Amino acid sequence: MSPALSVVTGGISLKGPVMAASGTFGYGTEVPLLDRAALGGMVSKGVTLRPRQGAPPSRIVETPSGMINAIGLQNPGVDAVIADYAPKWAAWDFPVLVNVNGETVDEYAEVARRLDGVPGVAGIELNISCPNVEAGGMWFGNDPASAAAVTQAVRRASKLPLWVKLTPNVTDIAAIARAVESVGADAISAVNTFTGMSIDLHTGQPRLANRSGGLSGPAIRPAALYLAYQAVRAVAIPVIGIGGISTAEDALEFLYAGCSAVQVGTATFVNPRAIANIHQGLIAHLSHKGVVTLAELSRIT
Amino acid sequence: MHELAAALVGRREVAEDMWVLSFVAGPIGAEARPGQFVNLGLPAGPLLRRPFSVYRVEGEVVEVVLKAVGVGTRMLLDLLPGQAVSCLGPLGRPFALSAEAGPVALVSGGLGVAPMIMAAREAKRLGLPVTWFHGARSAQHLSREWEGDQVVWATDDGSRGLTGSILNAVPDGLGQVLACGPNPMLKAVAAKWPLAQVALETYMGCGTGVCLGCAVPLVAGGFDRACTEGPIYRAADVDWDRLPGHLSYAE
Amino acid sequence: MSPALSVVTGGISLKGPVMAASGTFGYGTEVPLLDRAALGGMVSKGVTLRPRQGAPPSRIVETPSGMINAIGLQNPGVDAVIADYAPKWAAWDFPVLVNVNGETVDEYAEVARRLDGVPGVAGIELNISCPNVEAGGMWFGNDPASAAAVTQAVRRASKLPLWVKLTPNVTDIAAIARAVESVGADAISAVNTFTGMSIDLHTGQPRLANRSGGLSGPAIRPAALYLAYQAVRAVAIPVIGIGGISTAEDALEFLYAGCSAVQVGTATFVNPRAIANIHQGLIAHLSHKGVVTLAELSRIT
Amino acid sequence: MHELAAALVGRREVAEDMWVLSFVAGPIGAEARPGQFVNLGLPAGPLLRRPFSVYRVEGEVVEVVLKAVGVGTRMLLDLLPGQAVSCLGPLGRPFALSAEAGPVALVSGGLGVAPMIMAAREAKRLGLPVTWFHGARSAQHLSREWEGDQVVWATDDGSRGLTGSILNAVPDGLGQVLACGPNPMLKAVAAKWPLAQVALETYMGCGTGVCLGCAVPLVAGGFDRACTEGPIYRAADVDWDRLPGHLSYAE
């Protein structure tokens, strides 16, 4: 019997455990080379209440086994996303979560409210790695109280499955995970990018117009895996592992650490077929281990 | 769009330190239009792919032209015949040439020759007269390869052809101006020929439209994607002052 | 005139801005291939009050552009270090700082007390990325109060120049930097390793006997640079940049970010001559810029 | 100790998938003693160097033997003649052979042949009789190359030589036993011949003694460094139960 990889997690029926990460798959209308049968689900590019032009260039810089991005949440706004993309998503056979962003608790809640009940929107992934303009620009995700506040507001604004995506740039990710769990998050996505910087020696200035940005890619995998594992140990809700996953072996590290599914980001830029390759590799690994579902995989003790 | 392992089958120097690499990539060559690019991935190289204009297509062979400017280009030039890269393409929107829009001027600075052979062939196919205006620092940096009806050279130091910017060599009244070179040169093109089509350079993450890393600032406001809406732009549409100039064509 | 790279910083006269980082250069008695004229100074392997055997193997695992280590502070104890190595250091022409570790505030202070006045010991680098056994194993470096407490105790126990080495695994490195500055740190070393993990798919268990360890190498450079820069902006005392530096260009990014000197760790494993190459590269860069001291280099604004 | 760019000059297969690579590294070869190793750095390869026993030295040429077990070994086997690696060595402490200690048994499992040619030559130089006992899974995995007075083979499947563990083929009463192979095999060696000298494998960071990453647990307590105090140990000195067995010699 060939392995069955579909998984129900955080209130969402994923076709498989390998999802496309936010900001690395657009709205799912590109990446033509990927065999979509392999896609467990996807998370949209980050969406805000109003359209945003995003940051000026340069927006990305390559680093050893990684890249830093500062896209600045370029997006057409939640209403345009609902009008232009959700109808397409409704026809697809894998679930689409919308990555929700905001500058205030109310803005987050309003985006969630508008997404509620929209056909094609399977759930919300709350990106709390955003500056809280009402709290001097500190990120929502930087402390348990503000993380819980925004999670709770969104929870109340929408009945959609709610995943909360944690930032790795914190002292105690377990505390944040518990805080968002306690106010009703259905799952945790761990993790977002590490803040990084790069300086151009010709200009003597940061390479990114935004000065700093988010480090992603294989470089961060060991640190992301550790943090995802901390989240797994801290909460009872499922944890979706994210960070530097490029191969089936990488994905398996997160699954062995107790994650219920994984998201793949930067690897798609390197190889548009990465997600399908990872999916195939997982099937091969399960067959090799002689198990037919992910749940049978042993976990680290 | 295709992604395939493309083996190196040839290499030739067309100006000092400027090399044409030939890869076997039939399906990509068959679809490639002038101004489009391929995104090359090196198996043991840097993480991200590197974008290169399609320089020439001969049967199954797709060519790119480059100089060593960093780790990726150095590794490409170190490839031995038979070794393969991952070739993704063709990508981006091509030049739009019209049989009705009159004579064509191809304007290239340095490595800006990259998309011009393809453009010259397309223009000739449409029955258009083609003059190629090519500038470089000095004689040895001028590419030996050109196509079209005639070529006009200029060098900064006057060591061959006209002296000074190649832009001064382009007469007024040409129907279709296509330009490629360092972003500052393209900015000057925009000032002279707002309707010129320019091939731009930006950093790229994916090359396929999903990362939004290749933002091109538009005069109309906002940004679009060099890899998808570009890399060919109407010169007047680009907000040149907000486009970084420190990329590799700039020496 | 050729550039003069010596620099007085944090109370110590460095022969040049490129130092060897703690734990990557032993006690300075190995690394035979390195031209020591290039060495600005060095920091010893981490030292504790009593000898420590260290962690069982496996202690290291390679990762994309990086490595994770869990050496477990193997060292012969401060008395043996004073007896066996300090006399050698006293004869060397570059300064040696001792990297001081402990499980309690008192233990840190006692190590510092014993080092005070020992010929050959130029200063202390306080490693606060250690579990505080009196506070449930939370790291000293994880919050401003405990970081300040241990710094203050060491400050009182010794008159040696005191550098405090910060952990990157925190939400607000600026607050920790300010806290240790306020109790008398002479300089800040930024940063130590990022916590990371790797799982062996054959055994289904973490590869490191210690389960998790510290991620170092080029992979962390962009994140380390960002954090070093945050420290630079937060304090008036000098900041020593550390993290993934392998080339002169890497070192220059930290110097442009306002660091006064840099430390090189993992790169020495890859290339025993790395420090000398970086030193030469800095000289070449200064000559190219037409400046003769580091202080004349412009800083990012 | 030297660090130099060593060009590949030859490659031969000595058993199925087991290759000897020859590099030009004169100064390292001149100093290398049996049991010592070199740490090879690949220019565009993984971050850390990879340790390999010195297999043979012929004039300026230093040889290593390996199988593809991961990214580093795969890249080494993909090297083309003329391409260079960074070679650091010789490293570690060699086998200690004594002209007075009697006949020598070389005991190798699979890739454990790696340090044995050097050891055989040294033993013969000292005028000692040398028997090489070599085991592998099956006939095609036995190395074709051996030195010394005679060789005794054993295979797990009996397809060549004796059947079963090579350890059973080694008679009692041999003066000096030198062994190399998977750590579990070496543990068995330790049980039979506590005074045997074994060549160990651990993960290594630096190879030069500064990282403490290559910890070998000792019966006497504590750890020392495989790269510096090792990789050769008296079998009885190693606390085998605390030494990870999941390294590459183990298939």
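To keep things simple, chains are lettered A, B, C and D as they appear, and every chain counts its residues starting from 1.
Rule of thumb we're sticking to: contacts are C-beta pairs under 8 Å (C-beta built on N, C-alpha and C of every residue); 3 or more make two chains touch, one makes a residue touch a chain.
Remember, predicted model here, so these are calculated numbers, not experimental data.
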Review point. Among all the other chains, which ones are in touch with both chain C and chain D?
Key: none
Review point. Whole-Å distance, chain B centre to chain C centre, using C-alpha means?
Key: 46
**Study point:** Approximate Å spacing (C-alpha centroids) for the pair chain A, chain C
**Key:** 33
Review point. What is the distance, in whole Å, between the centres of chain B and chain D, each centre taken as the mean of its C-alpha atoms?
Key: 52
**Study point:** Shared-contact residues (touching 2 or more other chains) in chain C
**Key:** 64-66, 217-218
Exercise for review: Sort the chain contact graph into one of these: line, ring, star, complete or other.
Suggested key: ring
Study note, to complete from the structure: Each pair of chains that touches is included here, namely A-B, A-C, B-D, C-D
Review point. So in the complex, which bits of chain C are touching chain A?
Key: 63-66, 68, 142-143, 169-172, 194-199, 201, 204-206, 212, 215, 217-223, 225-226, 229, 244, 249, 252-253, 256-257, 285, 298-301
**Study point:** chain B-touching residues of chain D, taken from the complex the two chains share
**Key:** 44-45, 75, 80
Revision key, fill the gap. Per the touch rule above, chain D residues touching chain C in the complex are 1-3, 41, 46-49, 86, 88, 202-217, 221-223, 228, 242-244, 246
**Study point:** chain B-facing residues of chain A, complex
**Key:** 23-26, 30-33, 45, 53-62, 64-67, 69, 71, 74, 200, 202-203, 209, 217-218, 266, 268-273
